[in-house]
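Structures given as structure tokens follow.
After this come two complexes, each holding subunit A, first together with subunit B and then together with subunit C.
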Partner chain A sequence: MASIEGALLDFKRLDRLAAGEMAIHRLDPRAKVLATLVFIITVVSFGKYELTPLFPFFLFPVVTVAAGDLPAGYIVRKIALLCPFALVVGMFNPIFDREVLVHLGPFGVTGGWISFASIVVRSILTVGSALALVGVTGFSAVCSALERMGMPQTFAVQLLFLYRYIFVLTEEGARTARARELRAFGKRGKGMGSYGPLVGHLLLRTWERAERVHRAMLSRGFDGRFHVRRPFRFGVVETLFTLGWSAFFVFCRLVNVPDLLGSLVTEVFR
Partner chain B sequence: MSHHIVEVKDLRHTYPDGTAALNGVSFRIHHGEAVAVIGANGAGKSTLLLHLNGYLVPTGGEVRIGDFPLTRETLPEVRRTVGMVFQDPDDQLFMPTVFDDVAFGPLNLGLPPHEVERRVMDSLMRVGAEHLREKPPHRLSGGEKKRVAIATVLAMSPDILVMDEPTTGLDPFARRQLIGLLKEFRHTRIFTSHDLDMVLELCERVIVLREGVVVADGPAREIFRNEELLAACRLERPLSMQGCPVCGNTARQSEDITRKRKEAMDE
Partner chain C sequence: MHMADALLSPAVGGTMWAVSAGTIAFSSRKVRRELDDRKVPLMGVLGAFLFAVQMINFSIPGTGSSGHLGGGLLLTILLGPSAAFLTIASVLVVQALFFADGGLLALGCNIFNMGFIPAFIVYPLLYKRVVGKHPGPVRLTLAIMVSAVVGLQLGPLSVVLETWFSGISALPVSTFLLLMQPIHLAIGVVEGAVTVAVVSFVHKARPEILQGALEARPIGVHLVRTVLIAFLAAALLTGGIVSWFASKDPDGLEWAIARVTGKEELKGPEQGLHGALAALQNKTAILSDYAFRKPVAPKNGGTQPGDETTKVEESRLGTSVSGLLGALMTLAFALLSGFLLRRRKQPAGRAGN
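Entry: the complex of A and B
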């Protein structure tokens, strides 16, 4: 069970990074959330055979990671963790889509491979930017920014609670699983037969905890509404940050920058 | 100030599954008293505490806090008056940062922002946790969590503090620190605990529950000397009132030593 606990510790690290004191950490979270949102929308809106125009977009997560002084290797490992999902999604494209679209010397590259690569690159971009966002903003700040931007409070609170208790619950789950492992000698006792009750038990405990948390909230005057205290300030820097990045993303969406650069270079050397 | 009085009259509670947890409990706790409610597991201690701020509704009998009987109308006022510290601080600290968590109660009371800020800092200072204010609760140690949980309650300036097992899971140093802190409070204090040495240090009065009824209510020292009663309630003398297995002091001698130490600390 060391892996679950290890993953948890790793996750806590992302949260700790958000406590940094770089300029990008101090930006109003709404600016960062907005820029990331525009980024994700533009990246996702590309057609399925478009691969090269995606590359300029790497600038955004890379700059964010650099500006926030985040450990790049750590972020890359986190992205790699999610890559299998993208691989599964695109797995069958090369098999079904065999029409050759590009010739690289003697090799013909089929549409399937291009769309497969496009899916993988896009997921790396979106996941990377989301991780970088949390790394320079912090999860709770992202939630309150979303709420300020019009997300219903119920969702924001749900997310916050999820985040607060994910640590408690994973630790509880890891403890239960460890207890089972220690008394399961070899394969016996590790099958579905014990897995079912284990999960059920965990659910009941979660339920009880939810009740206790609710009790604690009631005893401090909770009446269904959450009051926030943090005054946000959306100033000139934030406006510039959001507009600047958004303009860049839209530009890269409309103009194929690598293509443009390529033709410029060939023009020069002609 | 009659605000700080807790009165329970013939309180009965039966859970929906038919378990009778309280079968007619009565007591009256006065202003500034520190009282421990002790008893075996399942004696009804937690059920009793949950009635004190109206989380459970009695099947029979009455709870009065200060001048109010506990009813639906007085519930908000009673919940402000009675500050409840739960056993597991993880249940009590649910906001993203310590500051937010301590501010939760005052904000719900509708206080203006600067007053909220002042109260949060005051209560954190009171428990010696002001340096933790921007930390997320899941990164605190057990002792820190406990102290912050107490601060969340202090921020609502309650008159009565109710604590369920305050010293469970704390290391000896954190436990000692907590006892020192609780000693300084001038609130009416009600504890439940199996840490009988803590009870002996903090409380003059002890209420013993067994199977949902009060079997004893009196001065702590007197009750802890009553071996028969303790055995019947699955309890035993606090360690500081037992003979010493190492130096061979008798129970009486140990007790004298503890009393002297306590007097020295009080001075």
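Entry: the complex of A and C
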């Protein structure tokens, strides 16, 4: 049961980070969302055998985490869980792709290992940037940024509603699961026979809660929209932030910085 | 079954984003036009319910492992396609942002695989047809089981196709299918059984909830056709635009086709500004050409050919070492800049306190 509550605590912690008051927190969320999107698209646009040109891109998540004063260890631990699906699928590359592409002294490195390494680096970059975005922006701000950028309002309301009730319902779910755990001695009672009614009860309680929420909202004058009083301003700083990072990403996409740097150093020491 | 950014090419990711965004816009308009604002809190709270329920496990008899409910089909049965699609999409957005399940670009694929397929393909074309207006328990069970199994075959199929079209993975499509489909057949059966258990419980406890969902005007063939045509148009349009922009890059699809058809020759990226590895690839290509020409060379006499080989070999080693070195240096630079930023921040923070 520790796992459900552990996951919940983890979730809350990331949520609370967004309440920080660093300069990057105060940026208009649209700037951060846009920069992150450009980042992800440039990262995934590299060819499958390109590994070294990906490294300059670490600058973006690292700087975001540092500028937002996010706990680096926590973010790294979350990234380390990586998407298992990508890893499992990537593991097949070295098996099926045995063409030797690079020689490091006596060792021949096959294309499969290079593309697998490339997949791992891509995972770290894309996952890291998404976590950093939430950490310095917060979920509701990301939602309202997306709404300003053209996301339908119904969907924005849905996202905010979902977010509001995730904590309530996961706590209820965790309590239910703990109650079952305490009554199930070892394995008995954890099968499907009790799971159906258990989830069914949770569903019915959820449904009734929704009806209560709806009545409460109606009595407060709900008209299908959420009114958020948060000043949005896409000023000079935001423009500089977005354009600066985008220019950096495009530059690193076009010019292989590590290669340049490396050949510079090896030339010097030759 | 979450698709991941790391396996996607921008063309595939962008296309699926456009498709999912279009379907979100369509469903939002539809939900709003229904003017049933009772559904607004219901969708939100049921999305949160999905979250909670995915955290509760049950043991699967005879296997010793445990599973959890996916819930896509359950939501579609309770809410109808448009509202369920929005709810599932919102859950996937939260998972992508907080649990790093897949990533932001892969969100389009995930919304399609886990939202669009159950809500707009399986539900109208299969579930509604089988279940009829006033189903008995047998008919309801049958409809749910068939829908769950088919939905959980189509979803992974679409994951395989998206991976294949992106061409980042070297896994042959037939092997990938053989890995994915049987596993998901088992998952589909379990998902179906659990959904049956929950739905029949609700059916007994509060039949009016299910009755409302059953009597809701089934979405007609007309609507399905509109959605599918819009989907195709969006896919073609964005696929065309994105691949036109991306045509400078090595084409992932060509790679994949070459792999699958068994042509061994590895072609390097045709043009452009590519990295150390692309350069290395060219170098190896030059070398192999050279090796082929080698037998001819002695006619001209001299030691030049051997010399050149070692030279090329040397520079090749040089480039790979310098590439790696450079990569390590940039990484160190990135980490150091983060560290320095933080160091600079901390005293300031304390002074503020």
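The criterion applied here is as follows: the second predicted complex is superposed on the first by the 261 of 270 C-alpha atoms of A that agree within 3 Å, B and C clash if a C-alpha of one lies under 4 Å from a C-alpha of the other, contacts with A are read in each partner's own complex, and residues count from 1 in each chain.
In this text, contacts are C-beta pairs under 8 Å (C-beta built on N, C-alpha and C of every residue); 3 or more make two chains touch, one makes a residue touch a chain.
The model shown is predicted, which means the values in this text are computed figures rather than measured ones.
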| item | value |
| --- | --- |
| Which superposed partner A:G235 touches (first subunit B, second subunit C, both, neither) | neither |
| Partner chain in contact with A:P71 - subunit B first, subunit C second, else both or neither | neither |
| Partner, of subunit C and subunit B, that touches more residues belonging to subunit A | C |
| Contacts of A:V102 with subunit B and subunit C, given as first, second, both or neither | second |
| Subunit B versus subunit C as contact partner of A:K12, first or second or both or neither | first |
| First, second, both or neither for A:V213, with subunit B first and subunit C second | both |
| Partner chain(s) touched by A:S140 [first = subunit B, second = subunit C, both, neither] | first |
| Touching partner for A:G221 - first (subunit B), second (subunit C), both, neither | first |
| First, second, both or neither for A:F161, with subunit B first and subunit C second | both |
| Shared subunit A contacts, counted only where both subunit B and subunit C touch the same residue | 15, 139, 160-161, 163-165, 168, 209, 213, 217, 222 |
| Interfacial residue positions of subunit C with respect to subunit A in the complex | 1-10, 13-14, 24-25, 27-29, 31-32, 37-38, 40-49, 51-53, 55-61, 66, 69, 86-87, 89-91, 93-94, 96-105, 163, 167-172, 175-176, 193-194, 196-198, 200-202, 205-206, 209, 246, 249-250, 252, 255, 259, 264, 266, 269, 273-281, 284, 316-331, 333-335, 337-339, 341-342, 345, 349 |
| Partner subunit A, residues of subunit B touching it in the complex | 50, 53, 55, 76, 79-80, 82-84, 86, 88, 90-92, 94-97, 100, 103-105, 107-109, 113, 116-117, 134, 136-139, 152-153, 156 |
| Touch list for subunit A against partner subunit C, complex | 3-4, 7, 11, 14-15, 22, 36-37, 40-41, 43-53, 55-56, 58-59, 62-63, 65-67, 69, 72, 78-79, 81-83, 85-86, 89-90, 92-93, 96-97, 99-105, 111-112, 114-115, 118-120, 122-123, 126-127, 130-131, 133-134, 139, 142, 151-155, 157-166, 168-170, 172-174, 176-177, 187, 190-192, 194-204, 206-207, 209-211, 213-214, 217, 222, 224, 254-263, 265-266 |
| Interface residues, subunit A side, partner subunit B - complex | 12, 15-16, 19, 139-140, 143, 160-161, 163-165, 167-168, 209, 212-213, 215-223, 227, 229 |
